[in-house]
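When the chains are written out, they are named A, B, C, D and E in that same order, and each has its own residue count from 1.
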Amino acid sequence: MRFVFKTTYEQDIRLAKHAGHVFWYGLLLVLLVAAPLLLPEYLLAQLTFILIYGIVGLGLMLLAGFTGLFSIGHAAFFGVGAYAQAALTGLGWPFPLALAAGAALSAAVGVVVGLPALRVKGIYLGIATLSFGFIVQEVFARWESVTGGNVGKSVGAVRMFGWTADTARSFYLVCLVLAVLATLVCANLLRSPTGRAFVAIRDSEISAQSMGIHLARYKTLSFAISAALAGVGGALYAHQIRFLSPDQFDIVQSIDLLLMVVIGGLGSLHGAFLGATFLIGLPQAISGVKDYLPEAVGQAPGLKAVVYGGVLVAFVLFEPLGLYGRWVKVRTYLMLFPFYRRGMFRRQKAFQKSERLR
Amino acid sequence: QQQGVSKSEILIGTIQDLSGPIAAFGKQARMGMQLRVDEINEQGGIQGRRLKLAVEDSAYDPKKAVLAAQKLVNQDKVFLIAGHIGTAQNMAAMPVQFEKNIINFMPITAAREMYEPLHRLKYSFAATYYDQIRTALPKLVKEKNAKKVCTLYQDDDFGLEVQRGAEAGLKAVGMDVGEKTTYKRGATDFSSQVAKLKASGCEVVVLGTIIRETIGAIAEARKTGYNPTFLGSSAAYTDLIHKLGGKAVDGLYATMTVQHPYLDEASQPIRFWATKYKTKFNEDPTVFSVYGYSIVDQFARVAQKAGPNLTTDSFIKAMDGMTFEPDIFGSPISTYTATKHLGNELSRLSQIQDGRWKVVSDYVRP
Amino acid sequence: MPTQTTDTLLSARHLGVRFGGVLAVNDVSFDVRRGEVLTLIGPNGAGKTTVFNLISRIYNPTTGSIAFEGRPLTRQPPHRIAALGIARTFQNIELFEHASVLHNLLVGRHTHRRTGVLHDMLFTRSARAAEVEAREKVERVIDLLDLQHHRDATVAGLPYGVRKVVELARALCTEPKLLLLDEPSSGLNVEETGDMAFWIQDIRAELGITVLMVEHDMSLVSRVSDRVVAMNQGEVVAIGTPAQVQRDARVVEAYLGPSEGVAPAPEAIR
Amino acid sequence: MTSNPPAVSDLPVLRLSNVESAYGPIKAIRGVSLQVRRGEIATVLGANGAGKTTILKTISGILDPRKGSIAFKGEDITARDPAWIVQEGLCHVPEGREVFPLLSVRDNLLMGAYTRRDRDGVARDLEAVYRYFPVLKERATQDAGLLSGGQQQMLAISRALMAAPHLILLDEPSLGLSPKLTREIFEIVVRINRERGTTLLLVEQNANMALATADYGYVLENGRIVMEDTCARLREKEDIKEFYLGVKEAGVRGERRWKKKKTWR
Amino acid sequence: MQFLQLFISGIAQGCIYGLIALGFVLIYKATETVSFAQGELMMLGAFFGLAAMGGLGFPFWLAVLSAIGAMALFGLVLEKVVIRPILGQPAFSIVMLTIGIGYVARGLVTMIPGIGTETRTLPVPYKDQAWNVGGLVLNVEQMVVIAATALLCALLYAVFRYSKVGLAMQAASQNQLAAYYMGIPVKRLNSLAWALAAGVAAIAGLLLAPITFVHANMGFIGLKAFPAAVVGGFGSLPGAIAGGLVIGVVESLSGFYLPEGFKDTAPYIVVLVMLVVLPNGLFGEKLRKKV
């Protein structure tokens, strides 16, 4: 184990807790910046998707992982961001302006969706967000003058101040910058009173309230920030995929997003990106190996669903803390190395308690 | 150096739905394509090159379609993408392809965007849903002497195409759509839609429906004692309709471009083909098998014509000026020129009679 | 014992609340004077916790009113109570289970936050300064209550007694004027109860915080409280010094039981 | 009360040998061995976090021990399914009440008798419990989650009585009860022990009461048993007097208090 | 007349939602988790029925019974293999697990060659029959659904309200730890709950088969049953039916009287309105934590 000798409060507050952090995150950033030179175009496109979904994941992580509010309608915010971007850039707005407007619009929608969250919890909130998702999707399909309805809508490349990011490489860099910014914003939130208020609400509403936390305001805020990040992700998605149609923002998308943060590891920012890597990477990995499988299995329809569901089940069964949890264990093992004791991470018997009373 | 073409091999890609809502169709299209690929290779390939098919699964999700296209184009480096299923999926994948000068060859969707606006890399084979209904509806209206025509369509791009076709067709004979009703994909209850149609007294109902919804809507109508003439598009032209719908769906009309390959079909070549398919895959063929089969077949003919130096440009050159004669499945002549990238806009009418599809009209000239 | 001022910090007038058929609190009136330790005692189900819940606005009173520093509390939303200067602990311990002790205490600083969300997002200089200050304050409370050892432990794994102290610490972090303690010594052994008594005295004497508590341990009650309010079946039956109340026949009857009502254990009286 | 001990046989109903339990990497008890003889009331004393609750949880199967074994009525019950252990006749009144919040008080009590088949016996015990705690009868149809803290504690104890077990593990039964009820609870404990011959293992912060009620006591510190003896003798020991019964010299205290003040400044 | 006919259609459709919602509520009451796999269990039940009638040539009633039996067994195995190991984890884990199970079930069925991607009908004896009562058309298929739903609801209600096992299930869902302390065989009851839920799902699948056909994606109708369960109040069995009826009728009427697009969103709008007006649904209990 690493012991950090603390001499000032600053040390508790800093994002990078020790020199190791600085080194590894620095290295990661250098690699990410260099990726356009190192990776073939196909992998770069995947990486771009990972960054985009990672941004959305950050938002959902904030909401579900830290505030404890589960949204089964996040595709709605994602879609609002995407369509806003499509519509506004279509009107000739520069990229940053359209992005900001889209994020703001998503946040506003988030506030509206957050309203039921003030009164209901748990499964009720889940269904409320799910319902909202359906309604928003219907709006996408019906508001033809803006969204192009079911016919769909094409989106151009990123354009700002005379510069156009029309290659995969330049667009990747745009996404990278935004992903880093989003991560920093979330990390900052979590080390400040706002983030702590979120966690407090997750653990005990009644005592959060008696500590002076305005439940309604912070829940709404959490929804708004989460939706705004989903909106930013949606805007980038719109540029990346270049064609929007309402069925891209359906319940399946919402569930995918939720699965992403669960598999990544609820309650950690790393989890958002790990989950995104998983969500984007798994289908590609399956199609990579399916040709080596026997015809009856490899070419069978439904294979992807089975693997996807199977992996999800395996995660819940064996690694409820998600990819990030697994990584923490590996890291601890390495750090403790010869002193690691078996059973240190053995799952204890756990006992469910009614969450209806919280 | 042309990607996807080597001394010994041509690699073509296709994107199908293998795990989503229309996995049944995707699978059949894939098998149809594979059947023709194997035949061609048995016969010595194209200009001495073997044909290889790379299949990706989109699960009917545009995002996955983009990823699949990126893989096919940038990783597997296919020569072109053929028979990609789904409108939104094609729309999302095409920019990826066009960036790398990769042709989108004969997607399995009858949307107008597959050849409009004109693009040198877009080719489409089938009459669009729009054209099918636009041409067939006036004929049927005249035949039945109908005063009022209504529509029931799926609330998405496909349904909308049918609806617009109906509007355009009626306009040509000076009529209007009487009542428009919609449903969401996967709906099971059509009581209020049918009630609406019944209340407005429509004699012909145009169905922008696929399979289960076609049957569900007709069955609901029959139960409530409402018996108008139903007209579906080629999306409803599958054997499942009469297999599942039973007696209720007798009398349903549908437009179609290729004939369903019944195993006991009267036409000998079709019967032979269907049996071959069944032997190979142990499944009955459907129109989607035929689509897949024909697409690869047409590709092979163009590639053959393009000569030994196969490139995107030489392929386009061969394609613009290509004429395909009617095949065993009874498709009409289709021609392609530099300014016309849709093979033909013709379709025929079929009707379910005694629990099976019967062709009841020749190609309807607009 | 520090001198008491007679000025009233909180006054409850004719409080009543009914849950269905149960009249949990009925016409309860009392004053809490600035700087005193006032204890509510009474048999189980007498309505003591309910009084706390009324003050912290978790329940709405059916009748009556509460004033804090002369202002009516009844119109304040629940989350404003902490900002007004009232902090509380819970009978059944309501901590943020999945967070560390430090984190729990930092949440206690919430009412003193000076930065907005935007500052937090960007972690501006002022947000950083506020954060450092919050941590200083929290560390002082940790020192006071001897929690250094558990500072970074997750609450979920702490023994019951330590959690009680963490709850007290969290309440102190809000720097309240009035501290509501619901059974602070339950689950503590004699020694720890002794510590608790010292802490309560310190809190009152050093920090000048007024304390209103519910407690069943009569030795602790006699040791720290200036006055005692005895309740039974939702009503106040006696108000007075600990010794007075313990001699009250109704209190002995309903609460203390026959044998102990005579006199508290000798060492409890200081 | 203890002047007239019941027929305690030397046969242990419960025997722990060298039991070690941990929460993840934290070892809570290390090598605890103890036994409870048939018909006796045993008690475990210890400071906060000493591991008392952990011992009880390990016995009733809620926690699997890392090492050691537990035998109940001569049978090995180490790491068995908790429900099975209860059916064998061992009932546990947990720390912190743990009632079924959305079931009525009556249904809660009936759930206590889940393992029993004799309807008459259950009805009789229900009446007995109502007699001990009349307020439970008053609130029979109310949701248990809405009871006051002390009322829930009464319910938790009564629920265990409804099971009519051979051995009851009591974790801090007096928690949150009024002085009067605290004494009554201990009277009930003794009565059950004397009248039904039920064996009890008691964990209690109120050491005065515990030592007055129980026959045999163990002292636990940091997860280890550091002392064991009959309660009569334990009460005489200086250490016990000072740390558990609160009989101490003012000097020690005063010093600590002064130290406290210093750290605050 | 028009209105009445629509109303009746709505009731019938609502019973379908209610029937599926019963499954949700059952699992919720007994384990306090929400099973997203209920629709897929239903689909499997229908396929079992199909296999029994088509493959084994059983007569209808025997096929129904064997499908229910097979599904109950399947529920037991499912619980044993994947749910038991994480018993006691937060409810959310199990929700995720059921989503995973749903994917796998749908995928596996799709993978079966020659069956998976097909759509089929279940040849029930009462197929395509309708009664004409005073100008109103009553669909026999739907009447059977209504009758079965009412019966099932009454049965389940009695189990949870009056039987010791039913009470114990609820106790275990509210506080598992305490349930263990009381000697309630939590694991066995959990198995029982899932077996019951799978059985109910099989019934729903078989009853729905004539209406929706049998195919791998037929479980998606469960998404409409969620609003039904919520409108009724998630923990309440009669609520599930009531909620289903509300959703069904609203859907049917709004499809006729409101502009296009409302039919499909009306149930969700109703849910949102409901959650604002009556956050605990029609029959849900008002819950409040006492501190």
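As a convention for this text, contacts are C-beta pairs under 8 Å (C-beta built on N, C-alpha and C of every residue); 3 or more make two chains touch, one makes a residue touch a chain.
All of these numbers come straight from a predicted model, not from anything done at the bench.
Participant: Show which chains lie in contact with chain D and also with chain E.
Facilitator: Touches both chain D and chain E: A, C.
Participant: When the contacting C-beta pairs are counted for A-D and for A-E, which pair yields the higher total?
Facilitator: A-E
Participant: Quick one: report the Å distance separating chain A from chain E, using the average Cα coordinate of each chain.
Facilitator: Distance between chain centres: 31 Å.
Participant: Centre to centre, by mean C-alpha position, how many angstrom separate chain A and chain C?
Facilitator: 41
Participant: Between chain C and chain E, what is the separation of their C-alpha centroids in Å?
Facilitator: 48
Participant: For chain A versus chain B, what separation do you get between their C-alpha means, in angstrom?
Facilitator: Roughly 37 Å, centre to centre.
Participant: Listing for chain A: what residues touch at least two other chains?
Facilitator: 141, 206, 300-305, 349, 351, 354, 356-357
Participant: Could you pull out the residues of chain B that touch at least 2 other chains?
Facilitator: 19, 23-24, 27, 155
Participant: Identify all positions of chain C at which a residue touches two or more other chains, and write them in rising order.
Facilitator: Correct list: 49, 58, 90-92, 94.
Participant: What are all the touching pairs of chains?
Facilitator: So the chains that touch one another pair up as A-B, A-C, A-D, A-E, B-E, C-D, C-E, D-E.
Participant: Which of the residues in chain C come into contact with chain D in the complex?
Facilitator: 19, 22, 42-46, 49-50, 91-92, 140, 143-144, 146, 157-162, 183, 186-192, 194, 198, 202, 206, 216, 218, 254-257, 259-260, 267
Participant: Which residues of chain E touch chain B once you look at their complex with the stated criterion?
Facilitator: Contact set of chain E toward chain B: 2, 5-6, 9-10, 13, 16, 107, 110, 113-114, 116-121, 127-128, 130, 137, 139, 208, 211-213, 215-217, 220-221, 251-256, 260-261, 263-264.
Participant: Given the complex with chain C, which residues does chain E contribute to the contact?
Facilitator: Going by the criterion above, the answer is residues 291.
Participant: Provide the residue numbers of chain A that touch chain B in the complex, in ascending order.
Facilitator: Within the complex, chain A contacts chain B at residues 40-42, 45-46, 49, 141, 149-152, 154, 237, 240-243, 245-248, 252, 280, 283-284, 287, 299-305.
Participant: Given the complex with chain A, which residues does chain E contribute to the contact?
Facilitator: Residues 28, 32, 34, 82, 85-94, 96-97, 99-111, 113, 116-117, 173-177, 180, 216, 223, 226-227, 229-230, 234-235, 261, 264-265, 267-269, 271-272, 275-276, 279-280, 287-289, 291 of chain E touch chain A in their complex.
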